[in-house]
Structures are given as C-alpha cells and as structure tokens.
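Before anything else, here's the structure in question.
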Amino acid sequence: MSNQFVASTIALAAVVAVASLMPPPAIAQPEGWVTESVCPDNTATVFHRCALEAAQAFDPPRVPDGGPDLGGIWRLRAPGMYEDLEAHPRTEDDQGGPGGIVDPPDGKVPMHAWADARRRENADSYIHHNAACLLSGVPETMYMGGTFQFLQTPEQLLMLSEDAHAYRSIPLDGRSHISENIRLWNGDSTGHWEGNTLVIETTNQNGKPWLDQRARFYTEEAYVVERLTLIDANTLHYEATIDDPNVYTQPFTIVLAYRRSTVEGFEIMAMACYENNEALMDLYRGVGYGTYPGISAAEAREALEAGR
Amino acid sequence: MDNPLVATFTALAVVAALSSLAPSPAIAQRWVAESTCPDNTPAVFHRCAMEAAKTFDPPRTPDGRPALGGIWHLPNGDAGGPYEDLEAHPSTLDDLGGPSVIVDPPDGNAPMHAWADARRKDNAERYIHHYAACLLSGVPDTMYHGETRQILQTPDQFVLLSDKTHAYRGVPLDGRSHVGESIRLWNGDSRGHWEGDTLVIETRNQNGGPWLDQRGRFYTEEAHVIERLTLIDPDTIHYQATIDDPNVYTRPFTIAVPYRRGAQAGFELLMEACYENNGALMDIYRSLGFGVYPGISPEEAREALQTEQ
Amino acid sequence: MKALVMLTASAASLILFSTAGQAQEAAGQTYTPPRTSYGNPDLQGIWQVLNTAVWDIEDHSGSLGVPAGQGVVVGGQIPYQTWATAQRHENYENRLTADPEASCKMVGVPRITYMPYPFQIVQTPAQISILYEYVHSLRNIYMNSSHPQDVIEAPWMGDSRGDWDGDTLVVDSIHFTDQTWFDRSGNFHSESLHVVERYTRTGPDHMLYEVTIEDPEVFTEPWQMSMPLYRRQEDNARLLEYECYAYLEGEVDRKRSD
C-alpha cells in the first residue's frame, strides 16, 4: 500500500511513463530524450536481454584516459520503479509499471516471509525517505527522480540526481572501502572497468532508505553491485544486484534503461528539499507517521529465526 | 583583606620560603644561590641589576641573542609573595609576606585611583582570586605567581611555560603586528623584540579578568604592559614589568623581580591539572557567596573616575 | 658581445623553463598549476579551510563553544548600513535558534566553503561541480554561460556561472534567498546578494580563496573575505557525510516515541 502523501510529487513522471509505451518515432520528441535505440526499453526483461546482446557489438566513445564515456544528462526510462520494484497497476496513487526485476525470473522480490510482513507494517507507520528529503541510498538513488547527470573524470564518476540535490561520487582508482564501523546514507562505492562495463560495488550503507514505496528494506550488511554499459551512443544499460541474506532469500537483480537527453544546454537543478519541507513533516507527524529508523542486521537475523 | 580560602595554596610555598632562608652551599638548592645582586629586596635588586647589566656579556644562542632559555625560579622566600600583594606586607597565617615589588613609584605603593582602591577591597570580599578557579593569570601576574617557570627560546619565539594550570605564553619575535582590538585574550597578545641584550615584550588585548595580586588589584582590557628581561649574570634574570592603564591607575608603575636559574639536573616542569580537580572547591566558594571576578570595562572604569571627581 | 647576449638569453630561458609548471611554492613567485587534459587549471581534489570563520567571520574573542579567532574579512569590519548593524546584533542574540545551520538547513555561499568539513571539486570542460559534506550540499558551476533572468524559487546555494581569469577560477553567483547567514554569529544578507569567488592555486596543496560580497540592501559598499584552502593529505582522504537533518528528524521521532 503506497504512501499516499508521496503521490503528489510524481505527477509529472506519470506523463513520461505513458509516453514510453509508444513506439519510438523518427523525430526528436518534445519530451527531450533520444528515442532511437538499439533496444526497446518498455519492459525491463526485454530490454535486458536485448542490451546484453547489443553491448557485445557496440564500441563506445571513450574518454582520453581510455574508459567508455558515460558522461552526460540521462533520463530514466523505468516507470514506477520507485513505487514498486514488481509489476503493479496504474491507480490513483501510482503511475504503475511493468516492474524491474530480471532475476529471479518471476519478477518477484525474494523477501523472507517475516520481512515481507514487516514491510507492510512499516509502510503504515513510516513515511518513505523521499518524503522527508532524506537520501535514497543504493540503488534507489538511481530510480528516484527522472533526470541524472554523470560527470566523468579519470579519477571518478560523479552521479548527480535531482532528488534533494543528491550526489554519488564513485572513485575509479581501486581504493579499498572504508571501515565497516562507518555507515553512510549512500554507502561507500568503488568502481572499476570490466571491458566496457563500469562495475560499482557499494557497502557501508545504513539501511534506512527503502528500495521502493512498498517499504522494501535492507540492512547495513547489504552488498550492492551495479553495472553500467553503453549499448549505443544514447542508451545506458544499468543493472543492480542487491545481496542481503538478512532480508532476502537470494540476491536479486533489477535493470533500468537511461536515454541521453536532447534538451540543449540542459542544467540539472540542485533544488532545496528539506528547507521547504517543514509543513509536510508536521502533516505527516500529525497523522502519526515518523521517519523509518532502519533495522539492524542482528535484529533481522533474530526475526528470521523467530519467523516474524 | 586577603581571601582566606586561597591560603591553603600558600602552605607549600611557606615550606619553600623557609627552606630558601637557609645558607646555600651545603644544602641541595632548587636554584643557583650565587648571584651578582642580592635579591631579597626588589628595590635593591633592581638598582644593582641595572648596573650589573651594563657590564655583563651573557651566554648567547647560535643566532647571537642572550640565552634566556632554561628553568627559572622566583625565590619567593626572599622576594616575598608579590602574588599576595604587590606592596610590602607582613607575614601572617594567610601570607608569606614580603617587601614591595613596585620599584616605581619609589614609595612602593600601587598608584590606584581612589575609587579603584576602594573597589578592589570590595571585590576581594565578593570574588575569588582567578587562580582559585584555575583561570589564567594574565600579564604580568603569570610572571610572579608560582615559583617555577620554564623559558624556551628560538630565533622566532620566546615561550614562557608556567607550572600553574599548565599555562603558556607564546611571544613572537618576528616583528608581526598585534591582533585586532576586538580580540580579547586571557594572557593578552604579546610581541617581543631585542633592545641590545634586553628582551622587550609589549602586551595588549588582555581581557582584564585576572587580578595583579590577591588584594584584588585589577586593570581593564585597555592595559598596556611592557616587560623587560635581562640576564645580569649566568644564573640571574632581571625581570621588570611596567603596567599602564590610566582607567585604573594614576600613572604607569613598574615592578621588578629576580629569577634564579634552576640547579636540579633533569628538572621537568609540572603540568598541573587544576580545573579538573577543582570542582569541590568551586562548590565551596559559591556556597559561601563568592563568584568569579567578571572584570570591569574601560567605560565603566572611566565613569567611576568621573563620579569620584 | 652578441654571442654573450645570446648565451645569457638561452640561460635565462632555461631557468624560466625549469621553474614554470613546477610544483614550487617559492615566496613571491606565482604558482603555475597542473592542467586537466583539456587545458584548464586543475583545481580538483578534497579541500578544507582551517580557521574560525564558520563561527564568526570578523575578529572575535573566545566564548563557550567558540575559540577566539582572527577575522577573514579584508579590512576587519563588515560595512553594514546603520539599520543592519542593529539587525546583526539581534541575530547574534537569537543565534542558537535563528541560524539556519542550527536547524540543519543549507548555509549558502560562501559559508559552505568555510564550514568545518571537507569538500570536493570535480571538473569537466563545461561544468565544475563542488560536493560538500554538509547535508550533501551541491553546487554546479556552469562555465561560459549566463545567469537565468529569473528563477522560480531561489536555490539556497545560488546560481553560479564560472570563467577563467588566467589561472584563477572566477565564480559569479546570484539568486540567493535571504534566509542564510554568513556565519554562526548572525552576519546576514538580503536576496540581492551577489557573490564573486576567486579560486587560485598557490602551491601543490594550497589554494587562495577570495570572495567579494555585494548587497546594496544591507551594506554601504562591497567588501571581501580572503582565506587559504588546504588540500587534505591523508592517503585515504575522502568525503564522508554530515546528514544533519536526518539526525535531527530521527531525534524528533525518538523523542515522540519516548
């Protein structure tokens, strides 16, 4: 049951979602992204299979130091993912979407039974992190909000999002992770190239952001591996595998498609969120909601033992 | 009237004072006893020291300056307890006693305006001396409160370490300007330069929180203090300080004390944890109605002077 | 004679050649910084200030929670209009609650630079982004472009446009709110604030940061701040986070459930 208070923030995205179900036309769309693509992006599983093939044949443009150039303004093509990772219908609260899980093949989030029950309870007591302008963690940052800017230098890939002016800085210099005693909202990421794919490993998250508005959660022990690959000049294939045995019965993988923006001189907006959010926070608290406190790995393991 | 509660701190000093009165060579002394100038009366010492300085060629540092570095003791037993009272005062249960350390004016009295002299007596009834609260002593009280100090000298810095509440004074010798007037510091802002073989230190930017002695003698943040340190023999420093604050004193006045070089090999300065162990005493002071002296602004001091006239 | 002149000239050029572009910090000599692959001075890395400006940008004595400090305002005093001096005093009295930083809001420019946390400069040809630990503040400085005429809502970090003046990055920012303060002691501005920053590398690990503040609604004339930026030296130096409002909101929830 999605949090109805967040519905108002995603109205614009609904328009985008409907448009994506139409076949790509020959001319640049007023929506502002390149529609010609080697792979259709309306269903994650279809896109994924196509992309894996296309990647093998594509020789991407490179940056001076040699890696593929992932820089640019990217528009997310994954309707409704932040609402629900699984396929879900259009309603008053939701855009709806086909879901983004490619593994397991049934497209369902493989939660332990206690965790699936727990998330439904949580959705009734806590607001989604985005409603409080809190950071979205990994991988939700990559599908919360529709527009991203990637800035690539030899040392790092900087991913800017429009969601509460968030940024993720991914070092590419092979450094080790920080100590496990440090927990960060967006975790600690390191990136390296495997052929033409940028592989990002993220640890040290704090487990407070949700994966979707259905309150799918994880613990601080979650290990996320993302893979970004250009499959043509204007399409980015993104996969994320989430591994947290405290909450999930197996690692599972989601796939997103990004299309390069065609808007001339586009400037990503670093909008103030929290500074204007006081009235809404009062509203949420007034009806008994609070911010989600997270669940520790230890507590999750106990719950698994107890079966609830 | 001296704050009786501070008397406890002087007990150890009394022992030190008594031992310093004994004849020197056969007994292990904390400082070098031989000196060009007798140091038992500041006025006498001062006159002698001014003469001795004229002919003494001090040991020097590699950069050619008099070597002031080392462990230095203020022989309280002989020079008395200036931190108790800058003026001459007798030995009592509360006080070591001693001669005046004021060498100018020649009468040895602190030249306070009348209102200020009345005010300090009043203050001593209501406030504890800064050291009772482990607060810093300012300039020049740091230089005569406590028997032992250590000087570290480099070409750019003169550093004075005190054994009271691990205080330090860093004095740059590189000719830089003072900090802005709106910055007030407990130990002020000091700048040093050499005049021949004398180190001259100018201090301003004090906050007027510390007293000059336990008799409550105070000053304001506009005080300007000039100190002069001169070696008059290998083991004696002649220390002078001129305090200039027309808001409180009718004229600048000068104190002088001797420092004697430490004689104990491998002596290490005590880093006193004062505040950390002072909680119970602060409670006692407060329950007896005493507080920490809040200082007096130059404006308030000038108004008091006006009212008096 | 001619041969001697030529020899001297080549010797001179040899000296110039060897010192130019080197990582030297000789006093009085202008430092030539290394360049990015596309030819601009490279300002990248993790930087931080070491001063007391965040508490008070002017000279100040110490007080509980605040060390004494020398000001970063060039010339010493901020040239407030008369009414503004009174407002500043009022701000100071109410600083523990009225300062936006006290409620974990963004702190604007240039205060974000001298917050006591590291920040990271990332450069690309058309855009320089600066990432700050304090509530993940972000500034995107667009190069060779103009400010938009209007903004729907004033971004708390202003709208920034950058350009190169020799080896100095000059950043011009407008479209501020009036809700941010310059420090924790109540120095303030209006929405008409116009900030020009200059970032100049002075050595391998130092940068000079100079700021001109203009706000005709509050000050009698423009004024400046100046301070060094220091490169973080640790092998593992990196930005972590200070998610102030996350902690704040968490506290509110904890107290409500008690």
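A, B and C are the chain letters, set down in written order, and residue numbers restart from 1 in every chain.
Keep this in mind: contacts are C-beta pairs under 8 Å (C-beta built on N, C-alpha and C of every residue); 3 or more make two chains touch, one makes a residue touch a chain.
This structure is a prediction, so every number in the text was calculated from the model and none was measured.
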item: Highest-count interface - the chain pair sharing the most C-beta contacts; value: A-C
item: Per Cα centroids, the chain farthest from subunit B; value: A
item: Whole-Å gap separating subunit B and subunit C, where each centre is the average of the chain's CA atoms; value: 44
item: Chain centre separation in whole Å, for subunit B relative to subunit A (CA means); value: 68
item: Averaged-CA centre spacing for the pair subunit C and subunit A, given as whole angstrom; value: 32
item: Partner subunit A, residues of subunit C touching it in the complex; value: 36-37, 44, 100, 104-106, 120, 122-124, 127, 129, 131, 135-140, 142, 145, 153, 155-157, 179, 236, 238-241, 243, 245-246, 249-250, 252-253, 256-257
item: Footprint of subunit C on subunit B - complex, ascending; value: 179-185, 207
item: Touch list for subunit C against partner subunit B, complex; value: 58-62, 68-71, 76
item: Residues of subunit A defined as touching subunit C within the complex; value: 64-65, 71, 132-135, 151-156, 158, 160, 164-167, 169, 171, 175, 178, 182, 184-186, 208, 265, 267-272, 274-276, 281, 285, 290-291, 293
